[in-house]
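The two complexes that follow have subunit A in common; it is paired with subunit B in the first and with subunit C in the second.
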Partner chain A sequence: MVTKGRIGAYAGIIFLLALPLFFPRFYVYIASLILLYGLLATSLNFVLGFGGIYQFHHCVFYGAGAYGAALMLTKTGFSPWVGFIVGPLVAALLSLILGLICIRLSKLYFGMLQISLGSLVWAVIYRWYSLTGGDDGIHGISVPDMIASANGAYYFALIVTGLSFFIIFKILKSPFGSVLQGIRDNPIRSEMIGVNVKRHQLAALVISGFFAGVAGVLFVVVDTTVFPDMLFWTLSMEVMIMCLLGGWFTFMGPILGAALIVLLRTFISTYTVYWALFLGIVLMIIIFFLPNGVLGYFQEKFRPKKLVKG
Partner chain B sequence: MLQVKSLTKTFGGFKAVNGANLDVKKGEIIAVIGPNGAGKTTLFNLITGILKPDSGQVFFKNEDITGLPPYIVCKKRISRSFQVVNVFQRRTVFENVQVSVLARENKTWNLFTPSKKLVIEETNRILESVGLIDKGDDISAALSHGDRKVLEIAMALGGNPEFLILDEPTAGMAAEETDRCIDLIKQLSEKMGLTILFCEHDMELVFSISDRIMVMVRGSTIIQGSCEEVRCNEAVQDAYLGGSDVCLM
Partner chain C sequence: MDFIYTFLSPGVLSQIFVGLSRTVILFIVASGLSLILGVLRIPNVFHGSLYMIGAFMAYTICSVVGGDAGFWLALIGAPIGVGLVSLATERGLFQYLYEREHIMLILFTFAISLVFGDLVKIVWGAEYKSVPVPQVFQGFVPLFGGLPFPRYNMFLLFMGPVVAIALWFLVNKTKIGKISQAAAVDREMVGAVGINVSWVFATVFVIGCFLAGLGGALVAPTVSVTLGMDHSLIIEAFLIVIMGGLGNIWGALLGALIFGLTQSLGILIWPQFGIVFPYLAVIVVLLFRPTGLLKSTW
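After this line comes the complex of A and B, so read on.
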């Protein structure tokens, strides 16, 4: 059956596929950024909105993925495609290590420890000039010709994010996803139905770190640079705001939030350097009036009335 | 089936459970009663591994399960419901019970099969048996208090227990809901052969369905015996009625 929703989805896909044909290079670049930030926010929301884990410093894994790939591309002779796979694996490994340390704590305490350890990783990258280039970062990373143009990078980002969204969505709908959401709602009850809560949370963190790393690799492809600010905690807060803004109990919410923030930043910052001020105001309005985020609000408002079973 | 031997738990100097003893035989319905703060819920938390005891032992089917974490205790087929409603609020009634069944069947590490294709029959059978089948698609936060308490029991049943612990199953229920709940407990015992340990303040309920009763006062077991033995026991009268020699109930 063809529903309105399905027509909308097809229209969206066609729009995304055709976008580079109608828009200038700059907008294609912005669209690529929206895709990769959308993936970054979705990977955070996997543990935040669906897992109830307060991962305050999520960008560490984004940065780890980006640096992992960038170093492979610039310092070794391997094929760039190998680098693109190594990046997310580095992020997942880092996520496992930080996770093992932090998971013993819960809720806010987890978040505080995680933000401290994450900042430590940032400091290492910031200081280790010989390897990472310190605060200069690494520039002009050469990527395969196929995806070097703005359009090539866009299509690469579109395919990779599309695939990643599909996998994350599948996981959320699987038994593992059900358990994860159960743990979010009630960890003690989850233990009491026979779930090893910590181990499932750790697995979720590793999956989330992996996809953050994928987003990091996409940034390398789209921007051909890496720099320590990618792992700075302010970016983590921005990504968290994307989740809250869009709706952290919805799947598409963080993507919407990412689009809103990237657009706000791009277009308001052409008028004023105080774009964060506008973001702050928008955020306050949303927290007051739409506590479930933009998408959460619309979902609640237009949820189809349930049929009464006879 | 279950033996608790001089179990003790201290919270910063306060002895919440202080030498509790309990003996439950297969197929029995055992009630734990006692004034507020007697340590009933703490005792249940100690048995199920949510808290670790300071001393004492818990044996289940002659196996020492003292201090094992809850998810392992659950695998030994001990399930419980909670006094304060403890369900997965954002999930539907069906999903709540389904997760419990999935956990029992060790399917929680399955990352790619859609949940909606798994353990549907089993979940529906449990919902049917507790009378929540019509509310399967409701978000559990939207249920009435009574229904949520029943959902608690349904989730506990998802673990296919032999031994069921119910912490104040009828607390806060309206009269007809209480009746429904009593029927349910009797059914679980008679039809499914479950051994049931519960605590409750409703004396009528306690005396009408339990085989034996254990009385706790200030963390200690003062007696465990049949309804008749407990009803006119002096220590029990002391605890409940302040020394008057009127029998309970």
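After this line comes the complex of A and C, so read on.
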């Protein structure tokens, strides 16, 4: 079983590395989008699925990372690579500030205050024409030549997301990750055995915000644009749908969910403009029949003994 | 009235009135949302879609019937139409999902809002629609000091208290209101004394959605009816409900007041960032009263 899984993983990596050799440019672009949305969904799942924190407006950090990098690239003379590092740091800082305000509340109230704060950030970016370009956003951001082509951007996205997935995975397997999941399952008991619940949750939020910012930077590289809709709450819902679709309590689930959503949107929207109708119906069916998501369902069905909920 | 001007300029006063008429719309929609949240515990994301559908239905009724009769018919017909849509949704889908987690319900209702959004696009198209202001309410009334104030907004200011009193009466003085209050606290007990809780929930849900439709029909003559009006409104309605206290109708009124007034006065203070002020108000309120201004029913 283990060796089979390992062979599968190697095959997957080789497929991803060789993908630009066999597929046309458009598909390489789609693959890059899948990677970065996968990272965004994974960073959300880090706090939502594994941390049990109702992070309703996750895209704020995605947008903050993207805008941070885009502004560094267009308004300052620093090297673009500095901008790529500044973006996620801005997102992490924003995550810390928002987290400090929200962390006192729990569950639905946390989510609602977070949406409110996120909408505030959205409104500021939406209206600050002189800095952010307002509702037009910023277009035609010039990125370094090395990663400007579709293939270059794809490989950049592949390396960065691969590294990020690895780090997130390691964090989840570390003592910190175990404590985080313990807090999700029983916050009171965790508190009793001497865990500082709020501090752990805050740290998780900052880590998650950082990786959302990384995803935002990747969007700047892949698409060379930023726009305020990246921070609108409907996108946050969509990212939550990615997590749900793939499976909350699995590591690979959100990536699978992101792939499904991006592919659905790309291919259905070539046939009809009503792709949201289709997505809505698919989602309703999933919630009715597969509440643990696609991957969660298969895990439950084929590996009942190995299933550890969390 | 002149003493008012010593501390309030006419411009500020008229802006307050604009804010109050916005408050009425926000209150009508948010109270429906609050009712559903309080009794059924469903964070109903497609409430905004129902508001949009209400506005589009009002457009259709107005353009078919025409004239003032069309407007009054729309004011009754659109909410009833929305109520029927919501009844079908509740009986068809929701009644099987009451026990699910909130986050699932939010995603589920978001899925429905996606479906409704596209259905509206299919039925009414993607163009802007405008509903004429009825003859009776055309023109302006001179406010203090001769500032013109749209007559239709006066009508809105009249409708707000009417809806508030009707809701108060419904919740506190009727049988269904009392049962729903009990069901909000302990739904199993209500079922145990022989009341069909499922239908109580359906009724409350339809009433809440009726209010969303009413809000949509009322707002239709003042804005351009378009796709996307659901997404901006629903987030405001949610924030109002959270600010006021979940399930508390007077809280919804208070929240709507704060939201509407900060919105309209914020534009005076700092035109570019006027839309930021309501969100700031929500944050300030939640920092000091984390569970809302008034007591929530949860």
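The rule is simple: the second predicted complex is superposed on the first by the 301 of 310 C-alpha atoms of A that agree within 3 Å, B and C clash if a C-alpha of one lies under 4 Å from a C-alpha of the other, contacts with A are read in each partner's own complex, and residues count from 1 in each chain.
One rule holds for everything that comes next: a residue touches a chain if its C-beta (ideal position, glycine included) is under 8 Å from a C-beta of that chain, and two chains touch if they have at least 3 such contacts.
This structure is a prediction, so every number in the text was calculated from the model and none was measured.
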item: Side-by-side fit of subunit B and subunit C on subunit A, or clash; value: fit
item: Partner chain in contact with A:G51 - subunit B first, subunit C second, else both or neither; value: neither
item: First, second, both or neither for A:N186, with subunit B first and subunit C second; value: first
item: Touching partner for A:F249 - first (subunit B), second (subunit C), both, neither; value: first
item: Touching partner for A:M112 - first (subunit B), second (subunit C), both, neither; value: second
item: Of subunit C and subunit B, partner touching more subunit A residues; value: C
item: Partner chain(s) touched by A:G177 [first = subunit B, second = subunit C, both, neither]; value: first
item: Subunit A as apex of subunit B and subunit C, Cα-centre angle in degrees (nearest 10); value: 80
item: Which of subunit B and subunit C A:G194 touches, first, second, both or neither; value: first
item: Least Cα gap, in Å, left between subunit B and subunit C after the two complexes are fitted on chain A; value: 13
item: Subunit C-contacting residues of subunit A that also contact subunit B; value: none
item: Subunit A - residues contacting subunit B, complex; value: 170-171, 173-179, 181-182, 184-186, 188-197, 200, 203, 249, 306, 309
item: Subunit C-facing residues of subunit A, complex; value: 48, 54, 56, 101, 104-105, 107-109, 112-113, 115-117, 119-120, 123-124, 126-129, 232-234, 237, 240-241, 244, 273-274, 276-277, 279-281, 283-284, 287-288, 291
item: Subunit A-facing residues of subunit C, complex; value: 43, 45, 93, 96-97, 100, 102-104, 106-108, 110-115, 117-119, 121-122, 231, 235, 238-239, 242, 272-273, 275-276, 279-280, 282-283, 286-287, 290-291
item: Contact footprint of subunit A on subunit B as seen in their complex; value: 48-50, 69-71, 74-75, 79-80, 82, 86-91, 95-96, 98-100, 102-104, 107-116, 118, 134, 137-138, 155-156, 158-159
